[in-house]
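A, B, C, D and E are the chain letters, set down in written order, and residue numbers restart from 1 in every chain.
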Amino acid sequence: MSIEKKEFKPKIVAFCCNWCSYAGADLAGSSRLSYPADVKIIRVPCSCRVNPMFILRAFEKGADGVIMCGCHPGDCHYSTGNYYARRRMTLLFSMLDYIGVENGRTRVEWVSAAEGVKFSDTMNSFVEKIYSLGENVRLGDLRCRS
Amino acid sequence: MKYSYYPGCTLRTKAKELDDYARASAKALGFELEEIEDWQCCGGVYPLGTDEIANKLSCVRALNAAKEKGQELVTVCSACHHVMKRVNDDMRNVEDICTRANNYMELDEPYKGETDVLHFLEVLRDKVGFDELKKKVVNPLKGKKIGAYYGCLLLRPGKILAFDDPENPKIMEDFIRAVGAEPVIYPYRNECCGGYISLKEKDMAKSMCDKITESAEGFGADMLITACPLCMYNLNKSSVREIPVVYFTEILAEALGVKESCCKEEKEVQA
Amino acid sequence: MQRIGVFVCHCGSNIAATVDVAKVAEMALMEPGVVHAEDYQYMCSEAGQAKIADAIHEKKLSGIVVCSCSPRMHEATFRKAAERAGLNPYMVEIANIREHCSWIHKDMEEATKKAVILMRAAVAKVNLNTPLKPGESRVTKRALIIGGGIAGIQTALDIADAGYEVDIVEKTPSIGGRMSQLDKTFPTLDCSACILTPKMVEASAHEKINIYTYSEVEKVSGFVGDFTVDIRKKARSVDMDKCTGCGVCQEKCPSKKAPSEFNRGLNTRSAIYTPFAQAIPNVPVIDREACIKFKTGKCGICSKVCQAGAIDYEQKDEIITEKYGAIVVATGFDTINLDKYDEYAYSQSKDVITSLELERVMNAAGPTHGHLERLSDGKAPKEMVFIQCVGSRCSDDRGKPYCSKICCMYTAKHAMLIRDKYPDVNVTVFYIDVRTPGKNFDEFYRRAVEQYGVNYIKGQVGKVIPQPNGKLLVQGSDLLDNKQILKEADMVVLATAIEPNPDVRKIATMLTASIDTNNFLTEAHAKLRPVESPTAGIFLSGVCQGPKDIPETVAQAGAAAVKAIGLLAKDKLMTNPCTAHSDELLCNGCSTCENVCPYGAITYEDKEVNDHGIREVRRLAVVNSALCQGCGACTVACPSGAMDLQGFSNRQIIAEVDAICR
Amino acid sequence: MGAKKKQAEMIEEISGVNPLKCMKCGKCSATCPSYNEMDIKPHQFVSYVINEDVESLVNSKSLWKCLSCFACVERCPRDVKPGKLIDAARQMVVRKREQNYLTPDEIPELLDPELPQQLLVSAFRRYRR
Amino acid sequence: MQELINRAKELLENGTVARVLGWKAGDLPYNPEPAYFESAESLKDFVYNGFCGANLSKYMIEASKLEGKTLVCLKPCDTYSFNQLIKEHRVDREKAYIIGVGCKGKLDIEKIRNQGVKGIESIQGAEITDAADELKIQTIYGEKTVAYADAMLERCHVCKGKEHKIFDEEIGESKETKDGERFDEVSRIEKMSPAEKFAFFQKELSKCIRCNACRNVCPACSCRKCVFDSNKFDSSQKANVDSFEEKMFHIIRAFHVAGRCTDCGECSRVCPQGIPLHLFNRKFIKDIDELYGEYQAGDDTDSKAPLTNYTFEDAEPSIVGKRG
């Protein structure tokens, strides 16, 4: 198992909203709740700022998993942002699944500023899932020019 | 209304009356208990080890049989009910157990906890309705002060069995009211009778049952009702008290006026 | 091309112990645009900030990346430092290599690699940063306090004393809150009413304070400095201006069977009532559910006996709309419902009560007029058992995972008071831990043991067993003696867990203030900004933020007031410049963005544009940057990509993605 | 890995219990109807597993006094489930050959005419492999 | 067809409309092209037949900027697109005089060719008024016949219905052509393994030559400037063959029109490489229908689009994995 992990170092992009999830990640950090270094966080003001283009871009550039975290539905700092994000991501993930990017590689999780433990648990389980799925199909190869 | 029915081994033998009264009452109340074919013993206690699969298969078979008929599965014996509900919960919520059990079973379609398990009392409460039951009572047990004895198996763990509040249940009390008697609430009604310990530790079981009967009598109960043959055995066997203990189905049959017919059939069979 | 400086902070050993900071700085120099990189012990220190300023001057930096702690911590610090050195503050980006890296990883190589990637992402972003200029918005010099308990009253008094208008909105008919229900307070055993009532009177008499009792917040819109709030004043059925508070109506009211909320349902009250004698305002309300007039149309006795003619059965709910610059939440707490804890027989025996109920029993104005007696038969108890941590420190869904904090102390108080007043009553306390951090707290608890002979047993109770003789058999553990104890008691008191007022979730949603899984409002920073919500302009006072006792509550109330005053003292606020902006040449005028904007900040106008020589009038989206809060919903909804967010532009985020996936 | 550690881990695995969740409140011992018959008390089970002294646990009388009545499981505020822990210890004993607590030859003397099958099957499952 | 021409003449002559947006014959018998007619005389070149498949709604964006009304011929399915454009403020209803023309299914020359018909000289039976079930095709090799239904575009087999959603008047009879299920093909792909799915789309998308025909014809792709042509997303590096845009073009395009696409099928019709591009759009439509309730873009001009709407109880994104 450990050897396998050495060989495959997944690239995982996490989009976190500034108000809840990024703060939740900070709390995980200050509580020293570890999760694999494969996860890199990008701060966005709200989950509704996450353009599907960003996620496609990540996959096309070789990401093995993309996770988006936001405030719990009903708790969005901007009232409604995560409701829009929820629909967008549902449809996008379904499309990605449709073109062969396993659903396990995409995830949305609602993490509040107080949920450091949930943040680290989520990242651990997500990374574990990515390891079990292995390297992603390169979306960059979706259209090859022969 | 038809339900799949899992009587369990004790109801076939030592607790025949628990079964007979249940069936007769069901008939009087307008639902049918359709016994599952070729059922096997549930084992009496739920295997607690997370790695136990084989011991749960007899339950899975029964549950799947009910699923195939598209029926809910009804039990009367507390122990069967306990084991059945917990195994079903495993099949629903514990992926590992579900997968492994299905690997053994080799069913056409894997069983994933689709069947709903109901205790006979739950059928009375949630399907028939105690108000409805009250209307069908022809022989109300007026003036009787009855203590409900729940024991452990019906109630705990509360989250999985989801039968009633494990610390302050009221389903049997409501039942007692529905058949026209007066329920006696006493604090030991959800304490253990000693269960299987009575096989090797008679004194332990005895002292436990003493507490139960003493408390019930103290609060004025004339009799106790139970849904469990083992509770019945322990309470009858071990207690120094004289308080009678009967199955809840017996007072149900009596209130519905079908008790006599039951006994008659029995006698005929014996004759 | 930008000229970027990268500054890597050691944060003492917090970062440097797991991240090779020198290596991060070295790698930074290889990134495009980076002309300067250095690492330093504490970047946030004065010396560290001076290094940034020096580099800005010497190397003519146009952008800065600080690799340090979370931007939520020091982004503002570094932005100010850059501004002082003449750089636009929005040319600063933070790479969070502490909370998101050094603190959660152990392997140095791995952590350093990650830190380098986070640095790269920040550099890639800064390369696309543009200077931003904040706008300005006005501040309404009026504060709203939600909740009229001790927390709300104290905050209101402090703000009002500073010269600002304050409105208190209280849900019940009187201010006073939980504290008004308490008999005595620890650790000095002051009479609760004696210290609270003067504050209530002061608040009601204060010319700057306006109190809305029997009222609730219905709708909140706007933002820091400029909130608009709808307050529902529920129909009191009594004219506040006419009522003299004589109390005759309550005396004569024939419907006296409604459970008294103030006495926790231990006795009853009339349908027209004030919750307690010292209520403020001293104007009763009619409980329309209990009132015979409202139920049957007959009666009307209160109206007949009221000499002032204050009774008004026709009164309707009224909506008041008011503007505020700051809002303080002080919604307080309640005890949890004990339905799921019936092993303690709370619902089965009248003699099993909660501690808050005991406060009412001990209080002279309570259901037993202050006599300690069993509620079942009125007999004086001889044996009292207290059970601690009922529903607190519980990880299953029956109770609360946190420590309710106040129970150890109030139980010591109760035990002491009982032993003092009734020396023949034995008091036993079953506890898991006795927690007494606080000034004079442990001394207080020791007095209960040493001076008053309260019997403390370490162990939890498994079951309370009502006996046919009316006594209660308490079956518990004595862990130190390794015994199971059966103790016969006359009364059992449960130290019931406290939880935030159930309404707070609704209020938090209206305020867009964050709230945790236990329904406590989240503070902006646990240590550095403990009385502010992350939502600007919202402040937290009292138990709504976390369990606390009265001294702590009053202290926090004052702190919240100071923060609110600091805001109200400003005439104008700088607004967040990270707002949406529409590119006129790309906008289709399709209205999609308008549909998703939660602030109504986008409108459409017909404007003439010059599109590469073609002049025409087009329907275009226009963002009102004073209203825009910068969420970005519109940017994703926009099909043509015309809408973008300053500070988090599409290109900036894509640059970050690219840097991470490189 | 030491044999002791292995045993402790095995208990945790079979029971699915994390003993570290225990906050030592003693509610299990306050609840247990068999408390007085037990030599190792319910609240102590976790310590034996944490201290990797499974040996003492499997040799204790408590193993055969637990009724599996789940009162401790129901009331535990930390979701520790001492009843499952002790059952796991019992399983470790009966799963070993010749270690059954109940042998067929002792049964006839334990029987009486009213004894329900349920009692026998239950006892068999708890006491035997 | 004559009825259409007569009416157009009348409206031009009485000044109701300033021009007519219709069709004139192309260089081959099966490629008529959209054309403006500004006088009654010019209408002599007007044609309308089964090969007039193009959706003229999009032309109305530019026509809306012209003086006076434009008469436009819209098939039932085109009217959805027109409605959607009204909703997005891209066309001016007042500037359009819509004649809803009947439809008995539109023809696909590739389908005819695929049946081995070569060297086509003329085709009979494709006229709008002709109720023929067969096409008589004169080829250099003699006369061939092809069943009308076998020559129809894929979209006509799963037709949304022959009702015009918006019109000023209707001309010509329609005939039901639906004989298939719209989402069958999508469902088939959904059941594939991830590797199979990827292989399927890789094979299809690798044919793409980025001619932009799909984008240019799409009535939902009506942006003044496409994101792919602006540098807002760093997605316009035309020189870079390995660029993001090249790889993700169709997925992004499908997402951009999700909830707005009426499933008019023009993208697939015009693709010179025969890529079934509608499979992306239909996947979104199917998901939207299943998760948020049935929604047909262009059914009306005022409902909220699924992606600018929400309910508190919407499914979580994890539903994608749970649906299996």
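Going forward, a contact is a pair of C-beta atoms (placed from the backbone, for glycine too) under 8 Å apart; a residue touches a chain by one contact, two chains touch by 3 or more.
Note that this is a predicted model, so its numbers are computed, not measured.
Between chain C and chain D, the least number of touching-chain steps is 1. If you take chain B and chain D together, the chains in touch with both are C.
Chains that count as touching both chain A and chain B, per the definition above, are C.
Of the two chain pairs examined here, A-E and C-E, it is A-E that is joined by more C-beta pairs in contact.
The chain with its Cα centroid farthest from the Cα centroid of chain D is E. When chain centres are defined as mean Cα coordinates, E lies farthest from chain B.
Once the centre of each chain is set as its mean CA position, chain A and chain C turn out to be 29 Å apart. Chain D and chain E have CA centres that are 71 Å apart. With centres set at the average Cα position, the gap from chain B to chain C is 48 Å. Taking each chain's centre as the average of its CA atoms, chain B and chain E sit 65 Å apart. Multi-chain contact residues of chain D (touching two or more other chains) are listed as 71. In chain A, 51-53, 57, 61, 74, 80, 84, 88 are the positions where the chain touches two or more neighbouring chains simultaneously. Contact of a single residue of chain B with at least two other chains is seen at positions 167. Going by the touch rule set out above, the chain pairs that meet are A-C, A-E, B-C, B-D, C-D, C-E. Of all residues in chain C, those touching chain A in their complex are 70-73, 96, 98-101, 103-107, 110-111, 113-114, 117-118, 121, 508-509, 512, 514-517, 520, 522, 534-535, 578, 596, 598, 629-633, 635-637, 645, 648, 650, 653-654, 656-658, 660-662.
Of all residues in chain A, those touching chain E in their complex are 51-53, 56-57, 60-61, 73-74, 80, 83-84, 86-95, 97-104, 106-108, 137, 139-146.
The touching residues of chain B, when paired with chain C in their complex, are 165, 167-168, 185, 187-188, 215, 218-220. Residues of chain C that touch chain E in their complex: 583, 585-592, 595-596, 604, 611, 616, 619, 637, 639-641, 644, 650-651, 654-655. Contact residues on chain D toward chain C in their complex (touch as defined above): 21, 23-32, 35-36, 41, 43, 71, 75-79.
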